Amino acid sequence: MVLSKPETGTPVLEMAHVAKSFGGVRALVDASLTLYAGEVHALLGENGAGKSTLLKTLAGVHRADAGEIRLNGGDFHQGNTRDSIDQGIAVIYQEPSLFPDLTLAENVYVGRQLTSGGLVDWAAMEKGAQALFDRLGVSLDPMAKARGISIADQQIVEIAKALSTDTTVIVMDEPTAALSSKEVERLFSVVRNLRDQGSAVVFVSHRLDEVFALCDRMTVMRDGSTVASSLISETSESEVVRMMVGREVSELFPKLEPKIGDVVLEVRDLSLAGQFSNISFDVRAGEIFALAGLVGSGRSEVIRAIFGIDKYDSGSVTLLGKKLPAGKPSVSMAAGIALVPEDRRQQGLFMASSIARNVAVTMLKKLSSWLVLRRKHEESTAAKWASTLQLKFADLSDPVERLSGGNQQKVVLSKWLATEPTVLIVDEPTRGIDVGTKAEVHKLLSQKAQQGMAVIMVSSELPEVLGMADRVFVMREGEHRGTLDRSEADPETIITLATGGVMSV
Amino acid sequence: MKNRLIKSGLRTFALSAVVALGIAGCASTETVTEEPAESTETSEAAESYRIAIMPKAINIGYFAAWDEGAQKACAELGATCDYIGPNEATGPAQVQFINQVIQEGYDALVISAADQNAIVPALQEAAAAGITIVTSDADVAAESADARLVTILPSAADRIGTAEVDWIAEEVGEEGCVAILSASATAANQNVWIAAMGPYLEETYPNMSWCGGDLESATFYGDDDATKSVEQFNAILSQYPDVAGIIAPTTVGVLAAAQEKKAKGATVAVTGLGLPSEMAPYIEDGTITKVGLWNPIDLGYVAVYAAVLSMQGEFDGSVGSTFTAGDASYEVVEGGIAYLGDPFTFTIDNIATFKEIY
Amino acid sequence: MKTFKRLVTARELPVFIALVAVVLLAGIANPSFLSASGATDILLGVAIVAILAVGQTFVIVMRHIDLSVGSLIGFTSFLIGDIYAQGYGLMAGLGAALAVGLVVGAVNGFLVAYLQLPSLVVTLGALYIVRGVFNDYAFGRTITAAMVPPEIAWIGLNRLGSIPYLFIIGLSLAIVSGIVMRRVKAARDLYAIGSNPAAAELAGIPVARRVFGAFLFNGALTGLAGAVMLGRFNAANANSGLALELIVIAACVVGGVTIAGGSGTVWGAFLGAILLQAITRTIGALGIPQFWQQAFNGALIIIAIAFDKYLNSRVKTTTIMGSKDA
Amino acid sequence: MRRWNFSWDKGVGIFLIVAVMIGTLLSDNFANASNLSFVLRDVTEFAIIALAMTFLIISGEIDLSVASALNLSSASLGFLYRAGVPFELAIIGGLLVGLACGLFNGYLVTKLGLPSLAVTIATLALYRGLSYVLLGNQPVNELPEFWISIGYGRILGTFLPWSTILLVVLAAIAWFVLHHTRYGRWTFAIGVNAEAARFSGIPVERTKLMLFAMTGLMAGVAGVVYTLRFASASPDGAVGYELSIIAAVLFGGVSIAGGVGTMWGVIAAVLSLGVIRSALQLTGFTANSLLIVSGALLLISVIAPKITEALRKRPSALGKDNTKKTIREVGNEKPTH
């Protein structure tokens, strides 16, 4: 273990040698985390390294099998989620968990509503929430229902929730995954503010640039154990990556020389009220075409409309000279379009179903002779793709929910590559995936493009866009702002186009 | 009371145990067939017949009295009678029990038809299996009369209908409009009685009429359900604020109407067919002046006699043939029907006696 | 201004407007409908369903359902009369009714909250078991007016001015429950649970205990409501309360308590029950033939659900993650 | 290597065998051809609708209006026949009405996006009401002898009711479609995660509409069988069947949360309930006992898998299984992880 010199004073939180097993699987072997007041502490590691389990132990979701947890020098009581909250632990999960039917004010105070005389005091909660929102510099109506507010706002509400009690430790599990850079900046200023007021913040992210921009110290985990802990200023990105994966990652963006062919997909004047308008572009065989822009700029909506999930109001989508009907995913799929969606768990997978069924779901027709579905073919197809994509699994009949995030994404990719699409659309293909698998996915996309597939990629990670794309189509507020060739694409230009000229990072 | 509850609980537990463990033993712990009737030794019955007594539904109080009469006859005749039937008064539910009667090889079936059509094929199958079938209280449809040997009904249909019209006429002073609160729209008995009421009222009482102008607009269906009957009673009042009287030719309906009349302090006159035990409080406090009903005990009693006598070869059910049950004699008329006689009426004068009986 | 805005956007408002419209329509067509006795009819008729709808609301806002209420209320209404008739008195009967209600509620609650079984299946099973035990217990016996405790009979028969006491019981219950659901912490948890069960767990809400508590409350309320039912009909038999559960759920749905959980109020459910009752009565008052009544009821429930959907989709803004179908 | 997993549908199969054995032991009148024919005939309508309901519940929806749709189909048949339409055409009319009922439910659920539980409570009242509108207080009887003999009679020289042939054919088709065609796979996929199904190019709404339509059609078929078996059509037939049918389907191991179930589990469940009813009757239990047994079986069908699951806690990297299955799937669901 590489330990840096400790900060002065007693740590706020000390988790030492924590171990936790589920059934026979050891999720935590020897995990330690030390946290001081007034610091932003990065918790790093690949998916499956044990970060989430460690944090859930702190949150009271799990109970550690062994190890010691001390809070403010005293014993930390491992009870349920309520007990952890009462001891000053606030966890903001990757996907904010608000209650859509409740008002924002009640969301802030949920489970411990303000009362007067034993009854819930709505006026006090409204006032309190308003004060918190003001402090965080956001204009949200505390009495509005949470349903429908943006993810960024949801995160702000979660932070307000954490601030509404005497919180000593705030844990943020990948809070930036779904945020635009502008929103990330707002979040960062909120977090710095918290730090300056003496809070201890644990920050989990896969985006190393953010970690280096924001955090003071970091702890790296691998395979259920803590492998390093040091000041951010004493390390470098490449060193962190090496510690996370346990080896050198030489090529995160293994871009192959493209062989651009003819136009396969023509999108003309596509509009959907309130989402995007007059979007036109061509995509050629063999190219990787990136849609860039802030979250909420309409990128995902455009590709959803192309695939047919949402019905566009006007315009046309033409594939290989054939016009596709609006709002018919099954037709688009049969015609040769594939969509690897943004939300893997909710949109990409049938979590409780087997790996084989997940892979085969897009090609049931091909696997049937006349009406009869041939199960042997289903399994052999799944097995073929599993080995092609180097999927790690025990049995093809295992439910996909037992796989790690990266392997789950491979299953989604398998099911779409199996349809041998002309156009492969990927929406945030590497979100929440560890560095190792990330490189594998990039390599795969490159290969497929080189073999003649047209790839449309939506990504919020600039390095990914710059590293992979042959052309970059930048959107802002539902409109096309410019198209850049690989040679002319650089972070500044893209951000300028995406933000309307105001540089924010 | 407590014992019953405990018994029910134990039975539930036992049943659950059977189900859960799939073991056989429990089923023998307890069965709920009627206690065998006290075996008064009889001289005339050389062989002991097994007879199934099947009500429309076993949960209806009226049929408990009906079964009482049947059991009495069985005891007198030395027959073994089992009271079996569904817990919902529908034809399809009854068919499952008719099947059981066939399967267990009963000699005879005395049944009150819950549905005049739906049980006919099942009855025909039972007859084909050699089971003597007597309907009592409620018959099958006239077109299917050959599905049973004979039916024992309280009074001629028209007589029940006209009697009820006479009762209401007396109460409203032969003036004003009258509505009907019936059982379900498809209840065969009620429909026949109501059909007889229609012209009789118009012809006999010139100053009386059906609310809304005709029989159809005056008839409401409470489906023999307490809640719905009360609702329909109120519907009558709101639709015809000038209604003078309501005839409820069903025990559930008349009870609901009496209760609602009392609750609202309504002035409308109510009469119909009611069980004395259920109607007694309302007759005693003056809410209701008069209701009528035949004696269900007699219906059950006579039906068992008809079945046994037929099996003994002393009665063939043909039109004009006669048989004797207890101290009365009955003749089969057109349609294969034997009638008990005019319905009984209950007023403040005799209710005290009858409320103890049924 | 803010208060006014909240009033206008409240889900209960359209239910209330519909109710007023229905009553006016019927009143124009048939003036007797608007009389005091016409109102008394509706109020008396609605008491039982309204009370059960109040209890059911506690369950439905948690994304659960309780189908056992029809069997249970029938059983306890019979039990109160039977125990009184056996000479044990009114309080023993009410005690037994409460006890049976608590037992059924506790079993439902235990299976749903702690074993995490689907409430639809559990309470459907309870519906059958309770009805079976009840029928076995009643077995052809009926509770007649003479067997009804006089206090209960009195409450069932009398009224304050033209408002029946039974309705006052229902109304007070709805008012109190409404305040509880708005102002008591534990009751607010029910909304959180129904709105997002997983998040409720993470927010430190004792989900299992709350779910158990709501079922227990509904069981106890339904058990005691047996007394109201007995007072209403002054009689009981083995079929009492049959198929009442679906009417109760329909009343909740019409009143804006969404099946998906998380939203709806006790007051809405109460209004929904009155609206359904008023519609039933209106059909008669308008002179629509008897045989059309049920068809109209069904059609009107569909309209209510569709309207609810329309209202919600207007309020809802599309989210970035894609809007969900309801 | 494949583990042999205990699943509830297998339990139901075993239960059916045990129930037959117990019935045989306890009553001399149980195990014979004639009783088998009674049991088969009694479960036919339930079974036919249960076949379709299985698909519907697996897809995450529910239909409470089936008994009313059955009866509306029967009432329409009777209405048409009484109006002078030839009986064969009236049968087709009844089937079409059943189909229309299902399509209407499906339209409200898939096109207007209304929750199926609420919608079908409403159409339960609507379809029943329409039966009354059609027939009023006059049931239709005196149907053609030939058809009644088909409805009630047995295949010449055997104990098998004619309706059993229909049931066997429909069950075979349903089993095949659910487990051996892509349409069955779609049904499961939609039940597990409708949104992912949509993103996988499965026509979710069209499939659900079809499932509702098929459920309506099967209710129509059951309505015709019902009419013939009881030789009449009346406005108040088949009351309350909906909950019994749903109970049978759930007892057969279909999860109310959707995505789980087998056709043969459901068939075994329907037969088990018929067998148990018969055995209870023949051993002298009342109809009330059957209610208790039905309820207990339903509870056991959800409790037993929990217990077996708890007994062999499978190793899971996810830790606490947080997929709490509730009624919510009937409305909308957004699983949170």
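By written order: A, B, C and D. Residues from 1 in each chain.
Heads up, the rule we're going with is that contacts are C-beta pairs under 8 Å (C-beta built on N, C-alpha and C of every residue); 3 or more make two chains touch, one makes a residue touch a chain.
Treat the numbers as computed from the prediction; the structure is a model and nothing was measured.
Peer 1: Chains in contact with subunit B and with subunit C: which ones?
Peer 2: Common contact partners of subunit B and subunit C, which must touch each of the two, are D.
Peer 1: With contacts counted as C-beta pairs, which pair of chains has the highest total?
Peer 2: C-D
Peer 1: Using mean Cα positions as chain centres, tell me which chain lies farthest from subunit D.
Peer 2: If we average the C-alpha coordinates per chain, A ends up farthest from subunit D.
Peer 1: Report, in whole Å, the distance between the mean C-alpha point of subunit A and the mean C-alpha point of subunit D.
Peer 2: Computed value for the inter-centroid distance: 43 Å.
Peer 1: Taking each chain's centre as the mean of its CA atoms, how far is subunit A from subunit B in angstrom?
Peer 2: A distance of 71 Å separates the two centres.
Peer 1: Would you kindly tell me how far, in whole Å, the mean C-alpha position of subunit D lies from that of subunit B?
Peer 2: The answer is 34 Å.
Peer 1: In subunit D, which residues are in touch with two or more of the other chains?
Peer 2: 132, 136-137, 195, 235, 240, 286-289, 291-293, 296-297, 334-337, in rising order.
Peer 1: Where does subunit B touch two or more other chains at once, residue-wise?
Peer 2: Those would be 11-12, 32, 58-59, 87, 185, 221.
Peer 1: Identify all positions of subunit C at which a residue touches two or more other chains, and write them in rising order.
Peer 2: 129, 132-133, 135-136, 139, 194, 196, 198-199, 201, 261, 290-291
Peer 1: Who touches whom among the chains?
Peer 2: Going through each pair of chains, those in contact are A-C, A-D, B-C, B-D, C-D.
Peer 1: Give the list of subunit C residues in touch with subunit D in this complex.
Peer 2: For this pair, the touching residues of subunit C are 63-65, 67, 111-112, 115-122, 124-133, 135-136, 139, 194, 196-199, 201, 243, 246, 249-250, 253, 258-261, 290-299, 301-302, 305-306, 309, 313, 324-326.
Peer 1: Show me the residue ranges of subunit A that touch subunit C in the complex, using the header's touch definition.
Peer 2: On the subunit A side, the touching residues are 59-61, 80-86, 91, 93, 97-102, 106, 110-113, 115, 118-120, 143, 145, 147-151, 274-275, 295-296, 300, 304, 309-310, 343.
Peer 1: What residues on subunit D touch subunit C, complex-wise?
Peer 2: Subunit D residues touching subunit C: 64, 108, 112-115, 117-119, 121-130, 132-133, 136-137, 195, 235, 240, 243, 246-247, 250, 255-257, 286-299, 301-303, 306, 322, 324-328, 330-332, 334-337.
Peer 1: What residues on subunit C touch subunit B, complex-wise?
Peer 2: That would be residues 30, 32-33, 37-38, 40-41, 44-45, 48, 82-83, 86, 88, 129, 132-133, 135-142, 144-146, 156-157, 164, 232-240, 242, 244, 280-281, 284-285, 287, 290-291 of subunit C.
Peer 1: Give every residue of subunit D touching subunit A within the complex, in rising order.
Peer 2: Touch list, subunit D to subunit A: 2, 180-182, 184-186, 188-189, 192-193, 195-203, 259, 313-320, 323, 334-337.
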